[in-house]
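Common to both upcoming complexes is chain A, partnered first by chain B, then by chain C.
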Partner chain A sequence: MSVTEVFMLIFALILILLVTGRYHRSVAALIGALLTILFGVEYGIFHLPQILTELIELIDMNTILLAIGVMILAEAVARTGFFEFIGLKLAKLVGSSFRRISLVLIILTAFITAFVTTITAMVIMGALTISLARRFEADPSKTIIYEAVMTNVGGLMLMISSIPNLIVASFLDLEFIDFMEISLPLALLIILASTLYLYPALGDQPTAVREIEIDPWSVIEDKQMFYRAMLIFALAIALFILRDFIGAPLGLIAIGCAIAILALGSREPESIFSSIDWGTIFFLASFYVIVGGLEKSGVLELLARGVFSISTIWTAAFPAVNMWICAATSSIIDNIPVTMILIPVMKYVSQLAQIPISVLGWSMIFGANLGGSLTPIGAPSCIIAVGILRREGRFVSWSGWLKRCLPLVAIQLLLATAYTLLLLKS
Partner chain B sequence: MTDPSKNPEGGLRSFTWGNDMQRNSRDVGKRLLRLLKNILILYFALTLCKALEPYLAPILNLELGSLLISSELVFTGVSLVLLIYFGYFILLDIRFFLNLASKAISSWLIGEEVSRVRVIAYDVAVIIALILFRELATPLLRCIEGVGAPLATAVQIIVLAIILLMVYHLAGQLYHLLKDRIEGIVKSIADRFSRKSPRGEGGET
Partner chain C sequence: MSGEVQKKYEELKSRIEKTVNPYITIQIPIPEDANKQDFLELEKDQSFIEHVKEEALAWIARKKSAKK
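Showing the complex of A and B:
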């Protein structure tokens, strides 16, 4: 068998393991990385004496460090109760209608996801929604499902909002501000359009006869830690924005701020370490090795030629088609491997079809983030939302999910399509 | 001589793993014995035909009009009948063992899975993993001095046998999946037609 055929089989095996969910995604990626190394050595892609150096060269350490740093920062801030505090404060402001409170919580979910992982955001907002729904004796199903959808919109906002953003930004060498300049307007536009859709979609919800007593400060256990964590988090965001002047890599800034928050803004560093999503970090590192192997064996070039033949049908619309392909694949497979595989493929397609790589990169970010909402298994936040509702005795079927989310996600994807084509024109 | 057709488990009845498992596991011994018996009987019968043919050649040369019936033709015909008769039952038993082995291998490598689509995906994954294992293990085993080459060949044969069993299992699953889907479609179309057709014409009694 040729090296390309062997690596195509490895790729197919990893895809099957990821789609079927037989193993945890990080375990599937580790199996793939191990096979890549073994066959890489056998076929002369890697060389045993210097294999560790070759493997480390394949892994984008900046993205890995940035992911770890942001996860620690977000976890420490979430533990202070800041996001629950904001949620309760807003709920108190909007009054006694559960429909208005739901809408505020859904929009807030998008903004929270801009800073923390989709999982953390969904867990926080899910718990908050359930507790408020109990007070109103309301059905939280719609609110929680739409919150899950909005976590994926929030994932678009900033470079640190989701892992695909970090991967593509690192590949395109985008600054924090450059990223925000393009992603934030679209995210805000989608939030606005979603709000207009959601208000009638939420339907009739109960209203409290008398004002519900809510004390936002009740969720803050340690005010001193709360203020310290807030300060360090704000400093981290400022440093991300000012990275151009500082000249330090984003990964280093994130790790520096994470160390500061562990030292000053948290009383339980051990517990923060244990709640970091190490699976994602291992998954990321393993997938860099797999992608490196696929690239060196010529599989990605082969894939790129296939994609290029599609792009020749209508070159002008290809970025939009690419976005929809990304969205469709992200609704079944995790969006991290989708992005990591497609980046080198898009590099080839960009050269062959003369399409700016930045536009293809953006179309990947939009598709990978928004596509996760298409199915109940498309994104971790969707799986968590279904789990939260199941614990409350409310079962969400695939058809139920599609009935509620498909129109909303279609609106979001159509807006992103128009925006992508606008980027191509400009 | 054993008459395999009298066995209640024989015939073309399809083998089902779930409820029949216990009964079938008891049958394994019987079937194995019957398979060996049939193979041996067929072997000896064919050998006997071959051995008797030269001795009976002078007697068996008959002329019926323009048709010459030679002893070779008679023994070929008899051999063919024996081959079809015993071959049919041998194939039935081989099919039983093939089912049993493929299901055992599949459940060992994959485990119990409810969804047929998932089983198909896992079958494909196992086949790919076995091909990769063969590609990786063969050159490594060949490096061992002395026993390396025969060991590599043995591993290749074993892996190939398991791959073939998995492909057989995969084909079975695909067949049942398509059959279930097609039957479902046919049933729904039939239901729709029977609902639409007016009384008396649609077969309502």
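Showing the complex of A and C:
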């Protein structure tokens, strides 16, 4: 067997493990990385004496450090109660109608996801929605499902909003400000269009309570820590924006701010460390090794030639097709491996088809984020939304999910398609 | 939903519930002559909870008037 054939088999095995969910995704990636190392040494891709140096070269430390730093920052801010505070404040402001409160919570979910992981955002908004629905004696099902959809829209907003954004940004050398100029306007446009769709879709619900007398400040347990954490988080965002002037890698800035927040903005660093999604970090590191093996063995080039033959049919619209491919695959497999495999493939395709790599990169970001909402297993937030509703005695079937979400996600993807084609023309 | 996420959700929900739908948790020891099963079922008996709520209101009112 040739080296390419062996690595094709390893790649197929990893895909099967990821799709079937036989193992946790990070364990599946670790198995893939181990096979890559073993067969890489056997076929001369890696060399045993300097194997550690070769592996570290494959792992993008900037992305890993940025992911860890952002997770610590977001977790520390989330623990101050800031997001619940905003949610309760807004709910109190719009009060009296659960439909209006639902709409506000759904939109707020997108904005919260810009700063924290989709999992944290869904847990916070899910708990808030369930409590408010109980107060109003209303059905929270639609609200929770649409919140899950909006976590994936929020993932588009900033560079730190989702892991696929970090991967593509690192690969294409995109700046924080690029996301504010390109993907943030699209996210805002999608939120606006979604709001227009959601108001009638939510329907009116009978409400038992017309006024909500709550004190949002009561969810903030430690005001001093709250202000400190907010200040450090704001400083981190400012430094991300000014990275160009500072010249330091984003990963270093993120870790620096994470240390500051652990030292000054949190009373329980141990608990923050235990809340970090280490599975994703291990997954990322392992997948960089797998992708390195696939690249060195020629598998990625082979995949790229296959994709290129498709692109020659629709060269003008290929970035949009690429976005839909990413969306469709992200609705079944985790969007992180989808992005990690496709981004180097797109590098080859961009050279072969003469399509700007930046447009292909943006189309991947749009598709990988938005596609997660297509199915109840497409994104961690969707799985959590279904889990929260099940705990409250409300079962969401696949057909129920598709019936509610498909029209909304279709609108979002169509807007992203038009936007991608505009990017290609400009 | 993994165990860790579930735990986080429950903690958060309980914190928010205290603000949005305030409640108290009290332990009532089983009265001497009560049947254990009948007594334990009261925890989920909505009409019993309503009765306790009304009793709580009356208790607070009595306490306030006694202070005056």
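Basically, the second predicted complex is superposed on the first by the 422 of 426 C-alpha atoms of A that agree within 3 Å, B and C clash if a C-alpha of one lies under 4 Å from a C-alpha of the other, contacts with A are read in each partner's own complex, and residues count from 1 in each chain.
Here is the rule we go by: a residue touches a chain if its C-beta (ideal position, glycine included) is under 8 Å from a C-beta of that chain, and two chains touch if they have at least 3 such contacts.
Everything quoted here is computed from the prediction, not taken from an experiment.
Q: Determine, under the contact definition given at the top, whether A:13 touches first (chain B), second (chain C), both, or neither.
A: First partner only.
Q: In the superposed arrangement, which partner chain does A:237 touch: chain B (first), chain C (second), both, or neither?
A: Neither: A:237 stays clear of chain B and chain C.
Q: So in the superposed three-chain picture, is A:39 touching just chain B, just chain C, both, or none of them (first/second/both/neither)?
A: After superposing on A, A:39 lies in contact with chain B but is clear of chain C.
Q: Touch check for A:201: first (chain B), second (chain C), both, or neither?
A: Touch partners of A:201: none, neither chain B nor chain C.
Q: If you stack the two complexes on chain A, which partner ends up touching A:1: first (chain B), second (chain C), both, or neither?
A: first
Q: Which partner does A:184 contact after superposing on A: first (chain B), second (chain C), both, neither?
A: Touch status of A:184: no partner.
Q: Which holds for A:384: it touches chain B only (first), chain C only (second), both, or neither?
A: Second partner only, chain C.
Q: Is it chain B or chain C that touches the larger share of residues in chain A?
A: Counting contacted residues of chain A, the larger count belongs to C.
Q: Counting only touches as set out at the top, which of chain B and chain C does A:214 meet: first, second, both, neither?
A: After superposing on A, A:214 lies in contact with chain C but is clear of chain B.
Q: So, does A:252 touch the first partner chain B, the second partner chain C, both, or neither?
A: A:252: touches no partner chain.
Q: Hey, which residues of chain C end up touching chain A in the complex?
A: Touch list, chain C to chain A: 1, 5-6, 8-9, 12-13, 15-21.
Q: Of all residues in chain A, which touch chain B in the complex?
A: Within the complex, chain A contacts chain B at residues 1, 6, 9-10, 12-13, 16-17, 19-20, 22, 35, 38-39, 42.
Q: For the complex, which residues does chain B have touching chain A?
A: Touching chain A: residues 118, 121-122, 124-125, 128-129, 131-132, 135-136, 139 of chain B.
Q: What part of chain A is in contact with chain C in the complex they form?
A: 81, 84, 88, 119, 123-124, 126-128, 130-132, 134-135, 212, 214-216, 218-219, 275, 383-384, 387-388, 391
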